[in-house]
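Structure below; questions to follow.
Letters A, B, C and D mark the chains in the order given here, with residues in each chain numbered from 1 onward.
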């Protein structure tokens, strides 16, 4: 439920004609909330123009997203090799990437790939996406399962990239990362500003337009 | 009947003779999609071990390069992640598998560099990262710092393609292309497993993705012999299910 | 009627507004083959000058990028050779044109590096050459010496393609592909002049050579407005006549 | 006439199935002497599988060799970008290149791209081809227009690549470059061994199988 709400809010950041790369997890729910916006979804395995999931029984094992699940393509799609996929990414041609997060710092540092002492999955393509995409949106729960803030003054987990995050969307708040620090722009009901501040381990400025979202 | 005009069309058994204990093996594919199933199965059956595996990832335990990991045939893996193969993580923690992690875009560019005869590439990915920068030369260009990343080649590259002609020209199928054209360039010997072998001249010169000069041998695939994760799990619902 | 769904289809006049005095201009083509004729003519007519030209070569005096050189619009050229354009040699000796020569394979790889967001590439081409190594960093890897070659990008890249769809996906025609897909990647702004604009979905996703994300603007070509050297000289006889 | 004879002799070095890159000038005459050998000719502009010249009136301006002249393609040909063309070259996948030469040294150094003080055409793709091709054959006149030897103990002209030449074919002789220096294997009538030696400015060993070609 919280995941869907986060995805729905993130979907509002995407506009017609954008080229977008979605991470796994919550970001993968975003296409459900785009209406008729024409977004070109890019994937690291070499597809630009990913469409809806296929109907059951219509899956093509040779047409998958970066997570290995079957997809379809839209008109104007193209296939290419993974080096070309990352050329697009490093050249800064991806408009928006939406990634999951373990920690985000007040400077916009992102940690999203490993917890020391746990299994080491490897960083995949996250470093390139986080460092090079024009706009990086992190979607995540506001606190971890120990009820600890995931938005912190400095990340303690291994970093994915420094100063890369532009916008944080959680189940409790929308926060912009600005040169002057974190700016709280939206608070999600039933949470209130006080709760958001308490569960955020970094200074938050209040936006003039701060709004509560029901 | 396809003419074997360049002697490149061989049996899977002949192909596997090039893959020996302790060799470096580069495998096309991404999460198992686009990996050559018949060659991988033949490697398992042959019983070679001590391999250095270069691949985008370690796939899933039962598909792609996953079984090579699970059956202990791999001594060292150079990959971007092992997240979809818990056995790889377990073997790494047990000290049975040496894993060199490389950011995905850097990994494929290192493979391309190997295939293109370059001596290295400079990237600003991970340049200040305590782990990814470790042991690498830092090169300064106009005041900006870059990591020197070295090319990757392998004794044998194996790839999966949709069609080959007898010269080894290849076309791929949709997202099963992924790392295959890069891996095809980087092998000292490159073997392509293909769904279909077509006569010389049957492929449109404009549509050929891998020119035949990069391909040393061609084998006919027996098709995918594993279940995909989305076939095992419930069918995906919604869009972009992961 | 083609829908201009992404606002990328513009007039030649609009396209030329991005090319201004003193800018860097990268042009696809090889000996003039595959260079965009209508854009090049419009640049000449507009009268911009002081350009830094990045191109495989300076073509022939009357075709491809040749007229830009002959009419003195180019301050500096980064090319692999000027052998087919005597005017370029004359202007270089006169001090009116600064030429940076780069081995051809290194030049195209530098352009690709620019387009792929790399910080540089290492090559062993020319590493001990008194001219080609001059002023370049030498990097040692495992005891072997390489030159560090830097990426090339440009304010504007112009390319020539056979077909584009409204998103800017491109396919090329035979050997007129040459440097175009690389140049298309390397522009801050990339403009594709195309023989034909087709509806979205009309190009086979497998056959697309340049994905549309690399292309900012598309213009309809008026066709080649020069005579080829083989049309001017006697018709070639024999094979591989040069 | 001498040019044709040189090209004909060079053609004997090419065998079925080889991948070959031909320079401009004399090398471009070689395809006339190949009979039915199936050679895959590669060009730096991005063609593998160049065939015969087209008939007059059948030229395609978008299908040219690296010198800009129209060609055709054979069955199994492919088109690709120039970076891929040079990937093939640098990776060492070209079996033979036949290049023109201004000077070749006894160690196999090649100078073939400029004469100081004359026009500077630029090196094109010659450095890569000379340095990286499995077998480098240089075809040239035995002496320059001042009747000076072009085969020398050390090149005085700017180098294309060092220690790269495997075989020299001139209008007067065929000479192999070996680890023990230059080995004269054939002398072309009407020249004799003595004349070849006199007009070669580097030591020549005589092959046991040295033969005179009529």
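Here is the rule we use: contacts are C-beta pairs under 8 Å (C-beta built on N, C-alpha and C of every residue); 3 or more make two chains touch, one makes a residue touch a chain.
Because the structure is predicted, anything quoted here is derived from the model rather than measured.
Trainee: Can you list every chain that touches chain B and also touches chain D?
Mentor: A chain counts here if it touches both chain B and chain D, which gives C.
Trainee: Sort out for me whether A-B or A-C is joined by the greater number of C-beta contact pairs.
Mentor: A-B
Trainee: Between chain B and chain C, tell me the centre distance in angstrom, where each centre is the average of that chain's C-alpha atoms.
Mentor: 32
Trainee: As a quick test, compute the distance in whole Å between the mean CA positions of chain A and chain C.
Mentor: 36
Trainee: Rounded to the nearest whole Å, what is the centre-to-centre distance of chain C and chain D, using the mean of the C-alpha atoms as each centre?
Mentor: Going by mean C-alpha positions, chain C sits 28 Å from chain D.
Trainee: At which residue positions does chain A touch at least two other chains?
Mentor: If we look for residues of chain A contacting two or more partner chains, we find 73, 79-80, 83, 86, 89-90.
Trainee: What residues in chain C touch two or more of the other chains?
Mentor: As it turns out, chain C has residues touching two or more other chains at 109, 116, 118, 123-124, 172-174, 205-206.
Trainee: Give the pairs of chains that touch; include all such pairs.
Mentor: Applying the touch criterion to every chain pair yields A-B, A-C, B-C, B-D, C-D.
Trainee: Give the list of chain D residues in touch with chain C in this complex.
Mentor: 22, 24-25, 27-32, 41, 43-47, 50-53, 56, 59-71, 73, 79-83, 85-86, 89-90, 119-128, 131, 158-159, 162
Trainee: If you look only at chain C, which of its residues touch chain B in the complex?
Mentor: Chain C residues touching chain B: 109, 113, 116, 118-124, 137, 139, 141, 144, 146, 148, 150, 171-174, 205-207.
Trainee: Going by the contact rule at the top, pick out the chain B residues touching chain A in the complex.
Mentor: Residue positions touching the partner: 30-34, 56-57, 60, 79-84, 86, 89, 92-93, 99, 101, 103-106, 108-109, 111-112, 123-126, 128-132, 172-182, 209, 224, 228-231, 235-242.
Trainee: In the complex of these two chains, what residues of chain B are touching chain D?
Mentor: 5-7, 115-118, 165-167, 169, 185, 200-201, 203, 205-206, 208, 211-214
Trainee: Chain B touches which residues of chain D in the complex?
Mentor: Per the touch definition, chain D meets chain B at residues 17, 19, 38, 40, 42, 48-49, 73, 75-80, 83-84, 86-94, 132.
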